[in-house]
Amino acid sequence: MKLHEYQAKEIMRRYGIPTPRGKVAETPDEVFKIATELGGRAVVKAQVHVGGRGKAGGIRVVNNPDEARVAGSEILGMDIKGLTVGKVLVEEAIEAVSEYYLGVTVDRSQKSVTIIASSEGGIDIEEVAAKTPQKISKMWSTPKEGFMPWQARSLALDAGFDEGTIARVGGYFSGLFKLFEREDAELAEINPLMVTKDGKAIAADAKITLDDNALFRHPGYSDLWEEEGDDPLEQEARKRKLTYVKLNGDIGVIGNGAGLVMATIDAIKAEGGEAANFLDIGGGARAEVVQSALELILMDEAVKAILINVFGGITRCDEVAQGLLKAIESVNLDLPVVVRLVGTKEAEGRAILSETPAVTADTMVDAAKRIVAIAGGGI
Amino acid sequence: MGIFIDRRTKVVVQGITGREGRFHALRMRDYNPDVVVAGVTPGKGGQDVEGIPVFNTVLEAVKETGANASCIFVPAWAAADAVMESFAAGIELVVCITEGIPTLDVINMVSQANVDGLARRVIGPNSPGIITCGEASIGIMPGQIFKPGPVGVISRSGTLTYEVVGLLSSCGIGQSTCIGVGGDPIIGTTFVDCLGAFEKDDNTKAVVLIGEIGGSDEEDAAEFIRNMTKPVVTFISGRTAPPGKRMGHAGAIVSGSMGTAESKVKAFQKAGVPVANTINQIADIMKELL
Amino acid sequence: MKLHEYQAKEIMRRYGIPTPRGKVAETPDEVFKIATELGGRAVVKAQVHVGGRGKAGGIRVVNNPDEARVAGSEILGMDIKGLTVGKVLVEEAIEAVSEYYLGVTVDRSQKSVTIIASSEGGIDIEEVAAKTPQKISKMWSTPKEGFMPWQARSLALDAGFDEGTIARVGGYFSGLFKLFEREDAELAEINPLMVTKDGKAIAADAKITLDDNALFRHPGYSDLWEEEGDDPLEQEARKRKLTYVKLNGDIGVIGNGAGLVMATIDAIKAEGGEAANFLDIGGGARAEVVQSALELILMDEAVKAILINVFGGITRCDEVAQGLLKAIESVNLDLPVVVRLVGTKEAEGRAILSETPAVTADTMVDAAKRIVAIAGGGI
Amino acid sequence: MGIFIDRRTKVVVQGITGREGRFHALRMRDYNPDVVVAGVTPGKGGQDVEGIPVFNTVLEAVKETGANASCIFVPAWAAADAVMESFAAGIELVVCITEGIPTLDVINMVSQANVDGLARRVIGPNSPGIITCGEASIGIMPGQIFKPGPVGVISRSGTLTYEVVGLLSSCGIGQSTCIGVGGDPIIGTTFVDCLGAFEKDDNTKAVVLIGEIGGSDEEDAAEFIRNMTKPVVTFISGRTAPPGKRMGHAGAIVSGSMGTAESKVKAFQKAGVPVANTINQIADIMKELL
């Protein structure tokens, strides 16, 4: 779950990390009011869950409240990569003498949390890693070991931070790690950390992504959730508790198990077709789940044919076939369907299928061949 | 015989009185009645699940039954605690079936395996389990599709593994041990760990590795295979997956330029490791190798 | 810093520990209103920083809002061990089938945090430890190691908790340890934890003491501070940033270093006198601090004579003598004073003292003898 | 010669550019110029304090100067971090002068000394320091009152120790090593640790132990002294302190029935250890013993 910059900054302040003074606004009048309170130069920043706001014109520096109102009216409602801007953050403008990067994220191969510092702030960290890797330093820790300010100071020195800043930055870094651990984040990033003439360090931009699996530990976070940015079909899938990803093709795909569904989509592609979605009904799905999955796929107008690929283990083939039967009745499913069922209760499943117009296939490759032929117009 | 588990393994099932725990504990016992010795559900000590004794703590189970492995079916919020409890009780192998565990919990439980220089093992989380064919099954894999033989199977997936195993068995190619390492971003036992064990296992002559997008375990495996004496056949799923989307498994995601199928296929090819383009090709290549 | 029960319960709820429904009230009308909201039987509990509220009549179970109002009017304003009750907590009454004790505190000799469970809830834990030690179980942990629910379950089983409760209690215990660590407590205690007929476990009484040294990490806690219960002279000392403890005698004592001051008080007692206070001016105190210390001591009307005992190291004897001189001027110090000064700038100090009526002594024992003689009426 | 520190000890002073750190670093150097080799203040690396080089990190200081001990003068909120940094840099002895450190920080820093089976040492916190007479001083104790000789001194207090040392010196009884273990409830080095070291130290013939109310370190010491060959004279301050009140030191508090002066005096008497009733008696008893 991605948070908006203004939400991320609220959390960072709780962990002792300073951020610019500012507030969030939803109308140009509010922008004007906040800019007036701040006095002086300000920044108006679109709050959208997407990178590259700046290049898209979603960030504007203004010299006075009137300019702020104009900027607000232009940015609010703006479309950035398909997302409509509903909120802007209005903050004091910081004059930086240097800009740094601080980030905490999960390192899969080290099986630990990695803490990243760079003397190149304000730039995409992947870009820095590619072009000037010597300007990045990393350390690893588990949540239990923690990350102490002295480690942060070493890391910052190593990454080329100015010596004068390391005493202060140590605590902020340690706070960022603590935030990461206590809030169950996947990513906590300050980019850039701006250092001012008088030696203050301020988180000028902040990004936090929370671990969806840990939201049960943070009941308050449900309030931070904003659905913008998701495909409407993916939103519908979430309501139905189905694991679904929208793709660009015309063949609806249903299977049990993520690896199997991915392989099925690959097989369709290998035969010259294109899947319309990824949809995993999981292990042990009952007929109602299969029915719901089919209903969801039919909401996608691009879908011209459907492939069901189930390897029965805990999942019973008869339940899958029943689900298809129900969907045919409930939503008038009249698109061509290819079904491949093997494993637990295979015979029973096939018997049910014989009552439907569905085409059956014996192997995954066979099923992919048939569905591509059908979607391509043949039979 | 095979790797990590065999007919002498003694398993305690944590969360045995839950729906899933009960169902799969009995299926594991069907596979080999000697292997499943105990269950644990706090507060339900003294009960039994069709004859399998239930204890309040893993320590009691270990003391009473000599269990040395554990299979975790408890809910995600309690899973890290269950793993820690196992290790504290002296368990050496934990197979964690539970899916959806917070990542930081996974890091803590996985790092616990190696504290104080100990060489204990977590398989998973989000693993379908492990089977050493004809000897022992821990987890949720359907025992009837497996057939004893010389091929080790490693996979990040469940049903796709069954698909491959079903194909191998139908072609007369049996398996030594099949391991689902789990579909999460952080897992306790990696491809490399399994490959190392298979390399040393006398019963294994060749290995099938079923990878997918996300992370760099396949790239690490490619490097490792360079120094192996036994042949490995690989397959990568998710070749057509779009970047930035989790494909069902929490770990199956292309982040930025990291974790693409191309990178993995290229790594294997560079190391001279055959990559099957379809499931069927896995069996074809394996037939030639054996 | 001790918290009130209602404050402790607020914090415990944040860590997932259930407490009875209820609210705090300052007037009988508020008590009536809360009891009405709760419906049914309720408990009205005095909120004072002192043990033995129940025996003193500060806790009353009531059957309806009218009884609650009566209980409220009787308890509010009540005097319990010298403290006036200003607030009562009004809560639903819990019907318990069993009562347990859970506590987390610091173990000095183990240099760690100790977690204590007992199947004897609702009783003073020291008493349980003395009478039925087998009903108490303990574990130790450092904050870094943490305390997992499984450890709590083992501990609870060991302490004789009912098996049916251990699954639930594990999480609460773990929460209590997390609270202890994250909030920097010295003591976090649930006594009793009541288990109801339907198997729910509820913290019926809660106690939290916070580590004063860690308050800088918890800026919000300054709002929880309530001064009641401190001696007015000790409150004044806190304002003056002096380390002061009120005692029962008539000889005011000032020294540098806690051990030295304690030994000085012991020496006075050994000579048959009684100190009026403990006052440590610390290391390197300047004249102003000595002056302030003398002013504070003079606010105690019981004081008939003053002993100053300073072993100069970082503390300079001349500064101490100057402080005495200033106090004589500023507050008209006219009580008899015995001064014993050795160490850094001793000669200078003695020279200054010669301008005052203070009696000097060479050793601590000598000083104690003289001051006791003076306070006793001799010279 | 003496315990824990000697003329070969090399100290880095953490927080050397602060008022206290600077003042005492120079006094320590006055006591033995070879002992104080470096200072650390993050962000002030490259500066010096009257010739003592200042580094940004302890690791740099250790690498450049061979420091093996550290003296902590940083503020309470930063003290645990400073101790952790020392140990990570390879320092084996940390003398922590800082007072008012949160108790949980103290537990963490003190337990850090012994992780991974290492036998490192924290003296303090809230310690006045340690002096091995004529060899080295770490901390804030006034060097001029000490006189080399055969008596080890251990104390939870600062000025009271100076009082005793002044008395001993004036009676012609010199000291081997004097240690202030610190007035906090949790301390790294206890009376028992010091007694064990004095028992093994050839230069020490007898020990003075200055205890006070609170905790049970004196009771533990009494048990330990039963098995010592060297005589120990004890003194307890706070005999007249009321229960439940902190007497200046965070650790000097009688809680319930725990930590009373009576309990401590009784423990010593039971173990046959002489207890002085006044400061002067300490010297009297010691004179007889030597």
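Chains: A, B, C and D, in written order; residue numbering restarts at 1 for each.
Definition applied: a contact is a pair of C-beta atoms (placed from the backbone, for glycine too) under 8 Å apart; a residue touches a chain by one contact, two chains touch by 3 or more.
Please read these numbers as outputs of a predicted model, since none were measured by experiment.
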Report task. Between B-C and A-B, flag the pair that has more C-beta pairs in contact. Result -> A-B
Requested in this report: Go ahead and note the Å separation of the Cα centroids belonging to chain A and chain D.
Outcome: 55
Query raised in the report: Roughly how far is chain B from chain D, going centre to centre by Cα mean, in whole Å?
Result: 54
Requested in this report: Take the average of all CA coordinates in chain A, do the same for chain B, and state the distance between these two points in whole angstrom.
Outcome: 27
Requested in this report: Provide the list of chain B residues touching at least two other chains, using ranges where the numbers run on.
Outcome: none
Query - chain C residues counted as touching two or more neighbouring chains - result: 144
Requested in this report: Chain touch graph shape: choose line, ring, star, complete or other and state it.
Outcome: other
Requested in this report: So, with touch as defined above, which chain pairs make the list?
Outcome: A-B, A-C, A-D, B-C, C-D
Query raised in the report: chain A touches which residues of chain C in the complex?
Result: 144-146, 182
Query raised in the report: Where on chain B is chain A touching in the complex?
Result: 23, 76-77, 100-105, 107-108, 110-111, 140-142, 145, 155-163, 166, 183, 185-186, 210, 212-217, 220, 235, 237-242, 245-252, 256-257, 277-280
Report summary line: Interface with chain D, chain C side, in the complex: residues 106, 108-109, 111-113, 126, 142-144, 181, 184, 186, 211, 213-214, 216-217, 243, 245, 247, 255-263, 265-267, 269-270, 275, 278, 280, 283, 311, 313-314, 342-344, 363-365
Requested in this report: Within their complex, state which residues of chain B touch chain C.
Outcome: 41-46, 56-59, 78, 81-82, 84-85, 88
Query - Residue ranges of chain A in contact with chain D within the complex - result: 148-151, 153-154, 157, 163-167, 170
